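In the two assemblies presented below, subunit A is common to both, partnered first by subunit B and then by subunit C.
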Partner chain A sequence: MIAGLEVAFGLIALAGAVSAALIRDSYGKLISLGILVAGVLPFIVDRGYLDVAVTVSLIAPIATIFVLMVARREES
Partner chain B sequence: MIALYVVAAIAVFAAIRAIIEKNTGRKLPYANVLNFAVAGALVLLLDHPLSLVAAAAYFVGSTLESNAIASTYAGGVKR
Partner chain C sequence: MNTTFILGLVILAIGVLSVAFVRPKTYVARLINLEIPAWGLLLVMLAYDEALAILTFVAVTAIGTFVIVRLLEWRDASC
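Then we have the complex of A and B:
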């Protein structure tokens, strides 16, 4: 990959990880987890592991939905 | 090549705005912009026929995730 793009997507992944660690709100934390996955996925595709990319991009939302069940139960 | 730079710049801008924003209802549109930009970048990164499948799978998955978060944030199904 081009160096500028590596910096850009790495910045997105690191910002998602740091904000997922620091944000207290549960919905904001889940959105930060989505930002983290969005930053990591271009690196997987760039190496050519397209089957891994398809699997990750289909499993990550399922994990988010499972965490959402816990968040909704804590609120109500 | 220039399209890839434009899409990456949009992705960085949307990620920073989505993180800085305090209100959850305003975070979600920027997270959507980030997801669309990354789906575009996935197609442009690698010249391979299966990269279209990967980008489509990421598009479907990220839209499902955003919709699940938004519908739960809005109150979920009333029973």
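Then we have the complex of A and C:
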């Protein structure tokens, strides 16, 4: 990968991980998790594993939806 | 060293620390934090070119999250 892109996506993934660890709100945590996935996914694509990239992009939102059900129940 | 490997190890460490010392001490916050080290471990597996391991790991993580979510709902309903 281009070095600049590598640094940029690495920083995006790190920002997602740190903010998901520090934010106290459940919905904020889920949004930060999306940022983390967005930073990790280009590294998978760069390696050439397009099947893994397709699987990850399909399964990651499904896991988010599962957690979202609990978060909504907890808030009410 | 490889960038993917280093980034994976850093995210793994951040995730493990956030699960251990979770700030709002609720099950939901701990469950969401548990997904952070999974992505770090995925990057470490990616550095070793284990495509089948990554596929299995992602699928099993999603199924495990679903099982824990059902368990949390059942526990909240019972008490």
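We adopt the following convention: the second predicted complex is superposed on the first by the 76 of 76 C-alpha atoms of A that agree within 3 Å, B and C clash if a C-alpha of one lies under 4 Å from a C-alpha of the other, contacts with A are read in each partner's own complex, and residues count from 1 in each chain.
We take it that contacts are C-beta pairs under 8 Å (C-beta built on N, C-alpha and C of every residue); 3 or more make two chains touch, one makes a residue touch a chain.
Just so it is clear, the model here is predicted, and its values are computed rather than measured.
Student: Thinking of the overlay built on chain A, is A:4 touched by subunit B (first), by subunit C (second), by both, or by neither?
Tutor: first
Student: For A:30, using the defined touch cut-off, is the partner it touches subunit B, subunit C, both, or neither? Pick first, second, both or neither.
Tutor: A:30: touches subunit B and subunit C.
Student: Should A:17 be classified as contacting the first partner (subunit B), the second (subunit C), both, or neither?
Tutor: In the superposed model, A:17 contacts subunit C only, not subunit B.
Student: Output check: A:66 vs subunit B and subunit C. Expected answer is one of first, second, both, neither. What do you get?
Tutor: A:66: touches subunit C, not subunit B.
Student: Intersection of subunit A residues contacting subunit B with those contacting subunit C?
Tutor: Common to the two interfaces on subunit A: residues 30, 51, 71.
Student: In the complex formed with subunit A, which residues of subunit B make contact?
Tutor: 4-5, 8-9, 11-12, 15-16, 18-19, 24, 27-28, 31, 34-35, 38, 41-42, 45-46, 48, 50-51, 53-54, 57-58, 60-62, 64-66, 68-69, 72-73, 76
Student: With touch defined as at the start, can you tell me which subunit A residues reach subunit C in the complex?
Tutor: Its residues touching subunit C are 6, 10, 13-14, 17-18, 20-22, 24, 26, 29-30, 33, 36-37, 40, 43-44, 47, 49, 51-52, 55-56, 59, 62-63, 66-67, 69-71, 73-74.
Student: Subunit B touches which residues of subunit A in the complex?
Tutor: Where subunit A meets subunit B, its residues are 1-2, 4-5, 8-9, 11-12, 15-16, 19, 25, 27-28, 30-32, 34-35, 38-39, 41-42, 45-46, 48, 50-51, 53-54, 57-58, 60-61, 64-65, 68, 71-72.
Student: Across the complex, what residues on subunit C touch subunit A?
Tutor: Touching subunit A from subunit C are residues 3-4, 7, 10-11, 14-15, 17-18, 23-24, 26, 28-29, 31-33, 35-36, 39-40, 42-43, 46, 49, 51, 54-55, 58-59, 61-62, 65-66, 69, 72-73, 76.
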